[in-house]
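Below are two complexes that have chain A in common, paired first with chain B and then with chain C.
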Partner chain A sequence: MRTILSGCVRFTPCLALVLLVGCGQSDPPQFTLDMVAIAEKQIPANQQQKVANILEAMFGTPDDPFVLPETGLDLAKLQMAAGPVKSDQFGHETGLYRRHCAHCHGTTGDGLGPTAMILNPYPRDYRQGKFKFKSTERPAKPTDYDLETVLRQGVQGTAMPSFALLPDAQIDALVEYVKYLSMRGQTEIGLTDAMADLSEGEELPLTHDTLVAEILAPVAESWQEAPDKIIPTDGDNAKPDMPKAESIAAGEKLFYSAKANCAKCHGWSALGDGQTNDYDDWSKAIHEAEESLASDVNTLNEAEMSAEEREALARHVALLSSALATDALPPRHAIPRNLRQGVYRGGRAPYDIYRRIYAGINGAPMPAVGPPFPGAPGTLTSDEIWNLVDYVLSLPYEPISQPPRDQRAVSRAQL
Partner chain B sequence: MNPSLDQRESPWPHRLAVALVCATFPMIWIGGLVTTYGAGMAVPDWPNTYGYNLFLYPWQTWVYGPFKLFIEHGHRLFGTLVGMIAIAFLVSTWCCQRRANLRWLGAAALIGVVAQGALGGLRVLADEVQIAKIHGIVGPVFFAFTVALASITSRRWQSAKRSEERQLGAIERLGVITTLLVFLQLVLGAQLRHLSPEAPLGNFRLALFFHLAVAVALLAHVFMLAARVLYSHRQESWLARPAVGLLVMLLVQIGLGAGSWVTNYGFPVWLSRYDFAAAYVPVADGAVQAWTTTAHVALGSLILATSLMLTLRSMRLSSPLSARFAPSKPATSPSQRILSMGAGL
Partner chain C sequence: MRYWFAVLCAVSVACGTTLLSGCGRPVAASPNPQPQAANEIRETLLAGASEGGGSQAAASTGTGWGTLRGTFKFAGTPPTPGTLDVTRDTEVCSANGPIRDNSLLVGPDKGIANVVVYARVNRVHDSAKPLEPGADVEPLVFDQKDCMFTTHVMACQVNQPIDIKNSDPVGHNTKIDPRTGVPFNQTVGAGGSLGYKLVSEEALPAPVSCSIHPWMQAYMLPREDKYFAVTTSDGGFEIPNLPAGEEIELQVWHERGGGPGGAVVLPRKDLKWTRKGRFKVNLKQDETLDLGELEVPGSALK
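Then we have the complex of A and B:
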């Protein structure tokens, strides 16, 4: 007995170590499919494998990336960012994405890295090709310079660090790899959509026309067009020659008006305490999937249906429920920026704020008030947007005890 | 001086044990920097360095080459230094003193260095994060072991007088629990540090939760341990100093832990109402991030070593001095059973 007890005491730490550490060699990392989307689109297992195979043929693996010429991506840069973390005696480093990004953004770029769950805001999921902080029109892709700026400057108040200490070549490689993961993710969405549209017994043709011309090429083109979609801040969009105080006053009026409606979300105090129950697109997708699951469970429990239909629905519920548990982050509300802190995640230069108001924030509830395309009328004119820019930039210096004009008027009316 | 002490006891085992401690602690720092900077694979082969024998690798390339190569190759060279000191210590325990158990501990020290080196080599050859994790856990354990050797070989250890005070039993028990908690904390810390990007969603959160929970438990235990020691053995600097040191180090360690989090992941969102938190951006591979995180790792090792040393010293004071040269016999308390080898020294 004593021997057993003594053995237990001595080997408990070792046992704990083995349990916690695990044993056996890890498998090489693999890209994973978006199981929530797969479950929602009800893609059967054999078709899922087909999607994975097509994606591997088009994009390779995390250790061995590959790109078709249509993507316009530089394979040498991708090879520098991909694979296991290594460096040589000449200072050449590879595996940059795995070392710097994958813990949060995930190997697939799905924003589901192991640390993601405890970060607020969640890391970006690149697969939809939506990026918040950029110089281009709302639905357009960011330019390389936009992605580089985010990498170099980081995002204030979040876990996204500044990689300003990395050499230029490494930053370039990471920018290329983010674009690669995003294109891969969007291609996956295109493929699963195509699979979902197939009628029973129909197969997706594995041809260049279908896979590359119809699915990959439009995705790649949207990235290649990004530099043409930059919102100009000169010419017709140049800042009006107007006294600063006058511009701020005009901006203040707009901020609280129904036309710009900024106060609705940013609050009457501009502390970001207006509407705080909206979701960004990533959380909204999960929220809608959860609602769909709840509705399906309800149907399963209450509605009358044939045994076959019940079995199919039960299978769908099980798949979606499992996907939401393992491949999704709990939805979180999008909190509007507190404009009195003077912290602007997309950049604090006046033209950054101009573009943020003009195009809104892609994927977030912040709407665009500029024209949807050049020449079209927008909610606000360029001059009005500049007035708002001046007011927003003045907010950190405005005494918060001074209530905004419209709210003051309402209070007087109530008295 | 205690009359039973061997007056001809050589000072060399103790000197070499102290040298082992002094060489191992920088190894913990260098190893920590290797992980912090992701330099574990800066030299792809082992035991050679880019095909060269470890000692024959051109020093100009090492010193003036990339920083990652500098710290990884330096880590290996420093490891061989620790190994040589361990050999010298083993020789001294066989040649310069007569305690049989100490000889076996000397052999264990050498085996420990070799095993840790082999783990480091395997980590490189297999490029396996799980082995890196074990390597990262064994390092602090080996360092604590060297501190225990330095304590056991000291004159103060040999001249320690047995005390019948009941408080010593409580100190022993608290010491054992604290040491085990620090070890558990190291294992949990390794889960956070050697994180595979492939780890399932939620694993990191779980490890972090336990890391914080164990930190709270540890703080409570160290407070109790220090209070016990200061209450009953305030005059006994052999116990009081490490007890106070342990408490101070733990408080600093909590600060470094928070600092490591902030410099890697930013401030928690509930602090974003404050401008400094809302505007903060971590700088990847920056000096503040690298040194705060590495200091957290190194201080963790120091805490483990201090806790083990305090526990062994309390056991020493509560064990019969005559057991030093007596044949091994069943110990009487659970902690004595666990560490009967140390008590028999």
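Then we have the complex of A and C:
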């Protein structure tokens, strides 16, 4: 119901535009601001305009990308990924992002493409700079190779397909473009936070010191230092020499223990049916915005206040509800993985699973059990994490994970 | 949830009428960038860092130091706190009775606990100086007991070591989500503990939660200087050694604050209270300024 409603709200303006402008000529696509965040932070219109202008100064437009040297991004690659879908007489293709990605991940990389609503899980929104499946420490950015792996292999168990058939140069260009959209998004967050932090009458200085050194550069550096943040799976973290059965047994004990806590979320049967009503960071933000809206509506209806206060609150309620209707997907619970299916979104190699357990899944409830900072003591030792890897990887092969024989025969016959 | 529907319907209707009649109901629409303005900004940014560099902190005009004090009081009849919906590990979490909703604690004298007051200043007394990254100071303990965080709202300095403990016989995972600093989501086993530090200043307190026990909620505010206070159960706060002789701005926050991000907005024009939940004072040297009772109407809280 809600889907249909917000769908209507989303498309009505487009329809109106088509009616007014007529077909055939359409405005070039624009990057858009996160209007839910802007409504929540109560950023006034003149400051919104400034944020849009600064972002265009720093990053250009979807048709004409631009980057400052501080980003370390390669403009030639971005130009190959950006713009409308085209190919010249030599078969040189541009507009790769719009051709392969934008329908799910959106022009702005906000995960709000036209097909996003019907996908589960939703496509990634890059703007927070949080990526789930990567080789690096929990809060760190993914490496180029991590993003490339996601593009080449797709994400198993989700709608994200493999792009392994694309030429290497195109994959490279798309990886660069994802980083570009993510930096743009995180810079937008930095800018709106800076606007929210201003005192009355204070203006955000449009200088290199403020905009680049304080806001853009830290984001760019976090991308540049990703290769130094890879979680090693050798040396001190190497897999211990231990008979497999023994390691699985040790892992099983840990899995259900009050030390490692895995069963609390993944369930006592590891079917992913333990704690199932939390959200990942993206859905949580929307869920919280909805709750805050509900309580504002309540205040508006029930509390006593001056006419001036009432008008301001009513305006806030109208803006936030309109932003939620057009700029957000209905929040969904983060369901812990069913570990008996053998489907791993972040890769099935033992070192993939090791890193997933060591660092947890960034942006998701799945917590880390390795050291919170390199060198610090963690909740589990590296050897214990390897025991869990062995146990997790053995779960799909336990007899109870397999469907009964006759059921398998039926389903095959049905095919 | 029901409200959401109601609002959505109202807005859909409003949008519809806007299209028909152009009525003035505000709608959130992303502004189109202005190419010329963007170009001018781009030129500046390409020219690189300005001579001298560094942000231009406003110059201090005052001398000496003073103390600020006040008490937040609930105006009217405070709501009775309910209990939280404990759905997991009840044998441990509910062992000492139902878990009270701590989001708004009003004392017998109507004092409001867990209001955070922090200053934005240009001049810092020696006793309030920022902590160096490796500073050798006692860790603050942030514990979990009976499936609650024992400190509901914690303000501390950047680089302050924090000992995240779990005194329960069940495991917790502690998820801390600062906006600019390093996020944290670690399993803390039964009886275990882990070291943590907030490494950059936040403008508003960061939420702390536990995904295994979703009712668990706390907040942490890291500030560079030591000019912050969290009200005690009587609603009182005191911040010593603030710069005197110049106007300083203070931010007021509460978990249920109705302003942006939890800002507490009071109708106090005399203190130049803003919609961002900030007010201004000008302390005299060696003065202890007591703001007395700061009345918080129900409409200022969510």
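The working rule: the second predicted complex is superposed on the first by the 377 of 415 C-alpha atoms of A that agree within 3 Å, B and C clash if a C-alpha of one lies under 4 Å from a C-alpha of the other, contacts with A are read in each partner's own complex, and residues count from 1 in each chain.
Just so we're on the same page, a contact is a pair of C-beta atoms (placed from the backbone, for glycine too) under 8 Å apart; a residue touches a chain by one contact, two chains touch by 3 or more.
Since we're looking at a predicted model, the values are computed, not measured.
Chemist: Let's test your reading of the overlay: on chain A, do chain B and chain C clash or fit side by side?
Modeler: Because the two structures are overlaid on the shared chain, the partners are seen to fit without clashing.
Chemist: Between chain B and chain C, whom does A:L165 touch in the aligned arrangement: first, second, both, or neither?
Modeler: first
Chemist: Give me the angle at the C-alpha centre of chain A between the C-alpha centres of chain B and chain C, rounded to the nearest 10 degrees.
Modeler: Rounded to the nearest ten degrees, it is 140.
Chemist: Which partner chains sit in contact with A:L119 here, chain B, chain C, both or neither? Use first/second/both/neither.
Modeler: In the superposition, A:L119 contacts chain B only.
Chemist: Scan A:T326 for contacts with chain B and chain C and give back first, second, both or neither.
Modeler: It touches chain B and chain C both.
Chemist: For A:D273 in the superposed arrangement: first (chain B), second (chain C), both or neither?
Modeler: A:D273: touches no partner chain.
Chemist: Is A:D383 contacted by the first partner chain B, the second partner chain C, both or neither?
Modeler: It touches nothing on chain B or chain C.
Chemist: Which partner does A:D144 reach: the first (chain B), the second (chain C), both, or neither?
Modeler: neither
Chemist: Counting touched residues of chain A, say whether chain B or chain C comes out ahead.
Modeler: Result: the larger residue contact count on chain A belongs to C.
Chemist: Looking at the overlay, what does A:A312 touch: chain B (first), chain C (second), both, or neither?
Modeler: second
Chemist: In whole Å, what is the nearest CA distance you get between chain B and chain C after the fit?
Modeler: Chain B and chain C, overlaid via chain A, are at closest 13 Å apart by C-alpha.
Chemist: Which chain A residues contact chain B in one complex and chain C in the other?
Modeler: 2, 5-6, 9, 13, 16, 326-327
Chemist: How about chain C: which of its residues touch chain A in the complex?
Modeler: Touch residues, chain C against chain A: 1, 3-12, 14-16, 19, 25-35, 37-42, 44-50, 53-56, 88-89, 120, 169-175, 177, 179-180, 182-190, 192, 194-196, 203, 211-212, 214, 249, 258-261, 267, 272, 274-276, 278, 297-299, 302.
Chemist: Which residues of chain A touch chain B once you look at their complex with the stated criterion?
Modeler: 2, 5-6, 9-10, 13, 16-17, 20-27, 29, 84-91, 93, 95, 98-100, 102-103, 106-107, 112-120, 153-166, 326-327, 329, 338, 341-343
Chemist: Within their complex, state which residues of chain B touch chain A.
Modeler: Listed in rising order, the residues are 38-44, 50, 61, 65-66, 68-69, 126-130, 133-134, 137, 180, 183-184, 187-188, 190-191, 195-205, 208, 264-269, 272-273, 275, 277-286, 289, 330, 334, 337-338.
Chemist: Quick one: in the complex, what on chain A touches chain C?
Modeler: Per the stated touch rule, the residues are 2, 5-6, 8-9, 12-13, 16, 30-33, 35-36, 38-42, 45, 48-49, 52-58, 61, 66, 68, 138-139, 189, 193, 196-197, 199-200, 205-214, 257-261, 264-265, 275, 277-278, 281, 290, 292-299, 303-306, 309, 312, 315, 317-327, 360, 362, 365-369, 372, 376-379.
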